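A, B, C and D are the chain letters, set down in written order, and residue numbers restart from 1 in every chain.
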Amino acid sequence: MEFPGIGERVGGKHVIRGIYAPISTPFEQGQVSFPRLRGNLERWAATRLAGLVVLGSNGEAVLLDQVEKESLIGYVREHFPKDRPVIAGTGCESTRETIAFSRRAAGLGADAVLVITPSFYKGSMTSSALRRFYTEVAEACPVPVMLYNMPRNTGLNLPARVVVELAAHPNIVGIKDSGGDIVQIAEIIAGAPPGFVVFAGSGSFLLATLVLGGQGGTLALANVAADACAQLQEKFEGGDLAAARRLQLALIPLNQAVTSRYGVGGLKAALDLIGYFGGEVRPPLEPVGEAERREISKLLRDLGLLPA
Amino acid sequence: MEFPGIGERVGGKHVIRGIYAPISTPFEQGQVSFPRLRGNLERWAATRLAGLVVLGSNGEAVLLDQVEKESLIGYVREHFPKDRPVIAGTGCESTRETIAFSRRAAGLGADAVLVITPSFYKGSMTSSALRRFYTEVAEACPVPVMLYNMPRNTGLNLPARVVVELAAHPNIVGIKDSGGDIVQIAEIIAGAPPGFVVFAGSGSFLLATLVLGGQGGTLALANVAADACAQLQEKFEGGDLAAARRLQLALIPLNQAVTSRYGVGGLKAALDLIGYFGGEVRPPLEPVGEAERREISKLLRDLGLLPA
Amino acid sequence: MEFPGIGERVGGKHVIRGIYAPISTPFEQGQVSFPRLRGNLERWAATRLAGLVVLGSNGEAVLLDQVEKESLIGYVREHFPKDRPVIAGTGCESTRETIAFSRRAAGLGADAVLVITPSFYKGSMTSSALRRFYTEVAEACPVPVMLYNMPRNTGLNLPARVVVELAAHPNIVGIKDSGGDIVQIAEIIAGAPPGFVVFAGSGSFLLATLVLGGQGGTLALANVAADACAQLQEKFEGGDLAAARRLQLALIPLNQAVTSRYGVGGLKAALDLIGYFGGEVRPPLEPVGEAERREISKLLRDLGLLPA
Amino acid sequence: MEFPGIGERVGGKHVIRGIYAPISTPFEQGQVSFPRLRGNLERWAATRLAGLVVLGSNGEAVLLDQVEKESLIGYVREHFPKDRPVIAGTGCESTRETIAFSRRAAGLGADAVLVITPSFYKGSMTSSALRRFYTEVAEACPVPVMLYNMPRNTGLNLPARVVVELAAHPNIVGIKDSGGDIVQIAEIIAGAPPGFVVFAGSGSFLLATLVLGGQGGTLALANVAADACAQLQEKFEGGDLAAARRLQLALIPLNQAVTSRYGVGGLKAALDLIGYFGGEVRPPLEPVGEAERREISKLLRDLGLLPA
């Protein structure tokens, strides 16, 4: 197997691959702090991250107002190297608001948009409704669209069959699948056209996604361990399976801590510990306690991300 | 058992009781139609509804933009009889946006606010986080707050223990529980202070809620069958259990059709059929098909809401 | 509404109504203790229990071998008043074993059998499979069959529509529904022929079941609070709703403790505390600890079942 | 990475690795057919299967009586090559019955036993209860014990942390994990001592399990596609990832058809189609219909298991 470099195009589609960080949003005294963000962006730029996602779940997007959201897209695109994509999370509950926001995001410089499934009306989000939603968004959006399946937060799964159908649309370029159902990920890869990007949505199943044909991941973990994630992918693609596996098994405990176990508060604590700016979470989210912080600190040390 | 009349106060708290309709939002050509809304409001005013909820789940609140939401609150309060409460749904994902919107709603005339649980970060919505969220909202809100538990849409249950604790707050006056777990409803009633309002959140478990001590319901079904719902409660409270039961069993099929089975599209079809304005749903919601419309029509006829 | 007395027949069907206890199975040194059982049976006979269920979930039926099971049926029927029904739990995973065991149970004197849904092959237990299963059992069984829906243990719900269809079978006389979905219970009552018995499967939703038309309950709680449960039903049927509600709300904490919260171990601890024989649980079940025992003791005192 | 051959010992533990088939149980006119079984065993012996599991979920174990079960263990061990392990499924709800049956199975020649989690009392199956259950079984069982996690059927997950603790027991040699949670599989591999066997429990996540360090699988799919499964593992272990991935993606549709989609009936139809004896399912299971059979036939042809 050979792998294209980041940014190359294959079969006419823009190639998104490698490790993306869905970046944390820094707050100070309740407000978005752009100076703090700038410091973080400089640090992320110094890693092997292939790109960033702004306004993802880990970015507390649903807790931001519209002005904050649009400012963030513009600011991040402005202050991150131009040769690395910035993808904006633009999914809303209504089709029309998703379209309007996706267009604004494109205008603000987003290279692509990541669109989470609408989910409040779970019972009505049939395959037909989801197909129509994404098709209408893709038709109207001037930049490529990436599907975003996040059942843990939405309570809704985007079925593999629907993804495969949508993958035929020329402006739907990939999916971030955070569900972690590796069989579903395999079914998408098996059914979608070559070049359709399948990204692991969590660092804990990055290797499993890669072995089945995925091209990378958008990983909360990459906020704090970008190079280790990138190395995992490089080792795998370079044929050093044993090293890739060792990295994967080693990264899971920290990944679980900054995602499902301690959530955004855990991620921000980890950022603070390694010298980035993590800072406050926005209520109703709560910060982690001292015990959790110590556990995260230990996990960071175990990985060599903090001095022992 | 004696029951206070609608609008009376008991123990210093405003008494909310009886049947409320979480009203449907009429759209024409994609826009909110205030003339159509006015027609519906006049019809609802002619029923025995005790009050209305604007911007509930059935009102497609999550599909509306902020301008539409605020216009709707003002318009509904303006055009519905002053002696009947209008409650506004104001729950957002962030505490600060919920507070800001609740204050605006109060300024626009809402008699109380109905605040759904924040739910995107399910894993972080611990009892502690939920308690803090609702307490902060209640402290900041100039009108009474009603809790709103809607697990089917949010994927999150507001535990009975948390509700009981929050019920002690002077500005938290009740709960709309749409979960339908009758044991949880009983636990809330058993633990909350007298006067705390427990409302069935769906017409299918109204009688069960009443027998355990609930004071009414906020029922999608009441959009189309307000008087039958009010009659069920009157028969129950008047001691005619057999009649209340007959009504309850008879109402379930229509209730299920306009809620879990066919959703907002089903409710709007039913409104159209009985001479209200139902109209379009806003995408990604989809209208019901012809077969579903016929089934709903039959259910309405079975209840005498349409001529046989 | 009028209610037939226990044991009467209505419309040709045997009338099962009132409060049944799914009795606990006493072990000493790992073996079923028939002397201990006899002591308990004498105590239960002195209550207002309408009948017993032997080999229910609370009787640790799945932990018993076939010889123990058959001995228990015979022994309980022999040592409990003849005018009160003894129902035997006979559901197995295979149709043929369920039929064989139901026949044996009838031969041992069981007045009816209670047949839990087969559930290991959940994905294959379609409505068609469940309908066929129960129909074949009912055809082959010489005594009346009661359906048993227990989703918490089986992970499977017996849909209301299937129950309604099965209710037409002359040898299927009722259902014990432990799921607690009060809407489903209402749908069964609405759809089944008059005389079809709908029993609450847990003491926490007995009143809600009665108000919708149920005829009683098979309640773990009735092992330890038989008279309070019977009184709840009597108050309800006598029109004293306020008293019935007070009892219902008062019984819920103990009910939850001896069912979902502490399971069979909690039930046995409660039996020991009130002077019945509870004794050991059979592994892999574990006994409750001292803290749980104290909590159960307090709950029993709160209800007047233990001296304060 | 190097891999020991089947049957070798590493670190004092018997090495179970490669592809095992949890074999189908043939019935004719409702009875187990040993002649039909013998025919199948001869065919399986001609494949690259590393061993067999008798009395697994796919063997309809819960639908067999005790005499049938013991006869099957003895017969299969007798008629399958001695150098390939036969593992018997012996898990029951009670600890004592599981121990008794495991001892009998060992006496009948089983090389190891596969013990599913007891699950009827889900709420009581705490980590403590599960740890004690498996420890007591392992202590009493004369042959090695393999854990069996099957959440889809049991409604219960055996937590990774408990598996890791149990993996330290000298007589607990591995786990068949059918849950498909690849992160849990990784956590088990990361935490268990080297040599602890982690088997994929379904053909759809065999490759993902292998890349994380698993040693093979016990796969319903291996009843009908043993050599393709073995080839997948060989290609992976030989470093030909592209070929392993192609096989994995190709096998998923058939795997899903003979497991979650059509269950045991689907598996038996597939066996019939490829010239093994599938035959009847035992009620309440139902055979697949003609449309399903045609779909399975197409899937077999797509894989070259049937002539095109």
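Throughout what follows, contacts are C-beta pairs under 8 Å (C-beta built on N, C-alpha and C of every residue); 3 or more make two chains touch, one makes a residue touch a chain.
Bear in mind that the values here come from a model prediction, so they are computed numbers and not experimental data.
Trainee: Which contact partners do chain B and chain C have in common?
Mentor: Where chain B and chain C might share a partner, there is none at all.
Trainee: Counting hops between chains that touch, how far apart are chain B and chain D?
Mentor: 2
Trainee: When I count C-beta pairs in contact, which pair ends up with more: C-D or A-D?
Mentor: C-D
Trainee: I'd like to verify one number: the distance from the centre of chain A to the centre of chain C, where each centre is the average of its C-alpha atoms, in whole angstrom.
Mentor: Their C-alpha centroids are separated by 50 Å.
Trainee: Starting from the mean Cα coordinates of chain A and chain D, work out the distance between those two points in Å.
Mentor: 36
Trainee: Return the residues of chain A touching two or more other chains; collapse runs of consecutive numbers into ranges.
Mentor: In chain A, nothing touches at least two other chains.
Trainee: Once bound in the complex, which stretches of chain D touch chain C?
Mentor: 30, 57, 62-65, 93-97, 118, 120-126, 128-130, 132-133, 136, 152-155, 260, 263-265, 282-286
Trainee: How about chain C: which of its residues touch chain B in the complex?
Mentor: For this pair, the touching residues of chain C are 1, 180-183, 186-187, 189-190, 202, 204-205, 207-208, 211-213, 239, 241-242, 244-245, 248-250, 252, 256.
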